[in-house]
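Take a look at the structures listed below.
Look at the two complexes coming up: chain A is in both, with chain B in one and chain C in the other.
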Partner chain A sequence: MHIHPYERLWIRLSVIMLIVFGIAIALSSLTFGIEIPGATRRAVATGLPVDATPEQSWIRELGPGRYEVNMIARMWGFDPNEIRIPKGSTVTFYLHSQDVLHGIKIRGTTVSMMVIPGQVGRATYTFDEPGEYIFLCHEYCGLGHHVMSGKIIVEG
Partner chain B sequence: MSKGLRIAGAIGVALAALIFAFAVGRPIKVLPRMAPAPPFELLDPWGKPVSAPREDAKITLYTFGALRDDEGMARIRAFYDKAHRALSDAGFADAVEFVFITVDPDHDDPEALRRAIASPPTVRSLPPQMMPLTGSWIAIRMVVGTGFGVYFQPPAVEAHQGAGQLAAALPPPKYDPTVIVVDRDHVIRARYALNQFDTGTLVRDVNLLVKEANAQGATRWIYEGAHLFLCYPR
Partner chain C sequence: MAVTGGYQLQRGDKRLILAYIFIALAHLAVGILLGFMQGMQHAGIDLYKYTFLAHYYQGLSIHGVYNALVFTTFFIAGFLHFAMTYSLKRPMHSTKLSWFTFWLMTAGLIMVDWALLTNRASVLYTSYAPLQAHPAYYIGLVLVVVGTLLLLANCLLTYLGWRRDHPGQKTPLPAFGVLATLIMWGMASVGIAVQFIFLLIPWSLGLTDGVDPLVSRTLFWFTGHPLVYFWLLPVYISWYFMLPKQAGGKLFSEPLARLAFLLFIPLSLPVGFHHQFLDPGVSTGYKAVHAFITFGVFMPSMLTAFTVLASIESGGRARGGKGRLAWIKSLPWNDPSFTAQVLAMLLFALGGISGLVNASFTVNLVVHNTMFVPGHFHLTVGTATAMTFMAVAYWLVPYLAKRKLWGRRVALVQSALWFIGMAIMSRGMSWAGLMGVPRRTALGSAPYVLPEWLTAFNWMAVGGAVLTISGLLFFVVLIMTVLRGQRAEDIEVPLAEPLQEETIPWYLDRFRPWVIGAAVLVLMAYGPAIAQLVSISNPASPGFMPY
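Let's turn to the complex of A and B:
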């Protein structure tokens, strides 16, 4: 079968890349111990606040202009689902899932991450502009996924 | 395909392979630059102002607590003993300093701090090598809470005044027992929960900071590259 030289080149490159990716995955799992989190192997994040657990949500002020939010994601809502902070506040979010895989995207910000059961997601953002920032789940999590949202109200 | 194009392609592939090897193999590891540490001016046990950042700064381990909190102080003392011994064994004793910032400034004034470092080792004493700092309530709030991001909360006065308690008899503030590692450039590089503290991790992290700080010339650029490729220890 005749194969054009350029096509042959691209096929070879694709195969080489697949091999490279395979080696990278093997290295990651065998050498660096990267594993998919499961019920028996929870991810432990050091340096978290002692109260940052999936049991209870809270919003607390650390000092002027700095807040922490311990947020629980569960089917199909966030707790807390309304957060009020003054303009210019820096907020660190600790995110936990109590059931399945969720996600969070705070519109108009750079905060976007998966919320994996057994792991603690952490993100920090400074809200310089007053207004309402809607956050929602962006990982399909079941029948009520589309109603899983909340808002951050930044008061000017 | 022209010879020049092949050479350029080969160089590109070699460069990509090099970058890939660097990113996956991570031959050089660095600690992430988490955030700038807050600049501050607080008081030492003799009432003299101590400010940061300083030109002659060392790698600094910050801990936070209240002298009245016996359990917390025992934890800090145990941390200091273990950390100091491990760092001395690894040859880093001179590269690191320990700072304690009170979260109870109403009670831990300079005189109380002076007593804490002068007294023989007890529950409420501090090791003499640990620099204790205090300041006004708002200064502490700005440095510890806003700056370092460590939660602490004084007891609600109203809840205790009703019982006829004096201010001095109020319980100490609640706080997250935390260790924060700050490099010579006054940047936060690591953060540990005190109850999960492990000397192996501390020595590893201080070792990485010392190596990075000593890197010069071309090596310096390789260390900067390591930050770009997230070559962080796991």
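Let's turn to the complex of A and C:
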């Protein structure tokens, strides 16, 4: 089988490029503290608070600057839809849907995930900058999808 | 490989192919108008109130289904039917089956049309449960998919017949590409077949009480990602096996062309979790596996970039071009079909790069479900595929209708406008996405829009308007060709020969080893993950119709 030398070179370079990208991604997922949603799930609620369920929302202060929020998404709002915390707080969110698929993206943070009925989403973020953080639904969930949002107020 | 010139399709085949193309383009026309309305909505101009559409999301459901599912699938069915019969120089194994396939798909399509247009299926083309559509929508889509599988069966039978009559010969290239496309798709369709037939249809008919949204979604993306290669491989058939001829050259490397097609069979399937990186409930390990295989499936596209460009260069040089780059000037830029495909490739390169961004496990977190994603796929399916199919129509419709192309200059302007419009719109979308603007959202009515987003929205609206003008010109050219084009019996079908006659290893002309490899890879990359999902599945979600 005949392969032109330039083409051989091109293939080699492509493979090297993809390997470099692969390594970059592996490193970034291990070092930046980025949390990709994993197999947290109601049925096998390993390591989740027992009351992190889709029935009732709550906000809990675990200690100074450490919070947990059990948040419920339903057509077409989040509950709670306004959260006040002091600057520097680390917040762990548990997300549930009571009806269809939703999503959540907290603007200006690394928090973004799908909210799937029957599953629990978990994400943690430390709010070092004071200000208002809007969060919104980023999966189509029906007629009112575009009004589904809320805010986190980080007090300085 | 001998040039296939001289073979004339049977009249029935021509009518069938024209019928597929007609349905495809009629739906594209509607899809384009809705795209225009979406762009305008984002810029604050609501056109929906002047139509029968209930709201933005009904329009968006139609836009996604018509453009990405109907236009593509029907055009592909017609084009593959053409490429198969023309390159093997024999009619399909069964003419009856061909027509049955067509009518089955059309019947399914009518059900889908009805459900969408009457606002009974405004669930967007991904049909995520627990959003629920009318059963006619799901059943109609299943019939369309069954049609594509019948096309696969017919092509396989035709191929086996050809092999019996031509022992020891290698498969002609376009037919080889057709088979690779349909075999890949046949394997891929298992996901939505299971999802629709066992989950969504019984559930929408009220026979079951609930579905598990995550299982349903996972089955969808099992098919949903390879679906994009079902849109892309027919484009590669044109770029590898036809475009070099249009450029005046030859196919640069036959073995690598075959290898590229074959690699898609194993690599395009075990990657669906890259659409679910942000799904709670799917284990991170399997997501990472799919992320790496996704990078692997980038390889055949890199092969394509080299071979196709080298083939075009061979055309420029054969036409007397010289120098390092000066040969580019000798290419047939006055041929709209050639020019459109080269422009499509340029934007496709950007689409490939933005695809790598999406596929990057961690970076995905930034762009997931933002406008960046439509910014990506309007360059791929919306340009590489749509523009190449338009370019193919510029010679295929004249060939089938026995008329010369009407308005070559208009067609050139049309191609340039699609390129410019898409560059502008996609720029706006990608930019908006990086600022965190969500996709699938009636942004013109959203309360959280920031002032700094508005410039990007205007790019989207302006690009969309340019695209719409381009779309209109495309239909003008085709309609005028069919009605007013000069009669001609001898429209050429471009079929490229390889630069070198060479024997190829057996595994580059047989599908079985690749299919087995694909099945093994799929079992490893999906099997345990799906088994785990099903074992703890919780089929509790009733249907919702909030539209």
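Points worth noting:
By definition in this document, the second predicted complex is superposed on the first by the 113 of 156 C-alpha atoms of A that agree within 3 Å, B and C clash if a C-alpha of one lies under 4 Å from a C-alpha of the other, contacts with A are read in each partner's own complex, and residues count from 1 in each chain.
The rule we apply is simple: contacts are C-beta pairs under 8 Å (C-beta built on N, C-alpha and C of every residue); 3 or more make two chains touch, one makes a residue touch a chain.
Keep in mind that this is a model prediction, so the values were computed, not measured.
Applying the stated contact rule after C-alpha superposition, one finds that A:V100 touches chain C and leaves chain B untouched. When the two complexes are overlaid on their common chain A, residue A:P64 makes contact with chain B while staying clear of chain C. In the superposed pair of complexes, A:M113 makes contact with chain C only, with no contact to chain B. Once the two structures are overlaid, the count of chain A residues touched is higher for C than for its counterpart among chain B and chain C. Of the two partner chains placed by superposition, A:I153 touches none, neither chain B nor chain C. In the superposition on chain A, contact is made by A:M75 with chain C only, not with chain B.
Of the two partner chains placed by the overlay, only chain B lies in contact with A:V20; chain C stays clear of it.
Annotation: chain A residues 32, 44 touch chain B in one complex and chain C in the other. Here chain A touches chain C in the complex through residues 1-4, 6-7, 10-11, 14-15, 18, 21-22, 25, 28-29, 32, 34, 36-44, 75, 95, 99-101, 103, 105, 107-108, 110, 112-122, 134, 136-147, 149, going by the rule given at the top. Residue ranges of chain B in contact with chain A, taken from their complex: 20, 24, 141-142, 144-147, 149-151, 153, 176-178, 190-193, 195-196, 201, 234.
Contact residues on chain A toward chain B in their complex (touch as defined above): 20, 24, 27, 32-33, 44, 46-51, 60-66, 68, 92. Within the complex formed with chain A, the residues of chain C that make contact are 55, 57, 124, 128, 130-131, 212-214, 217, 252-253, 255-256, 276-284, 287-288, 291-292, 295-296, 298-299, 302-303, 306-307, 310, 356, 360-363, 365-366, 368-370, 436, 438-443, 445-448, 500, 502, 504-505, 508, 532, 536, 538, 540-541, 544, 546-547.
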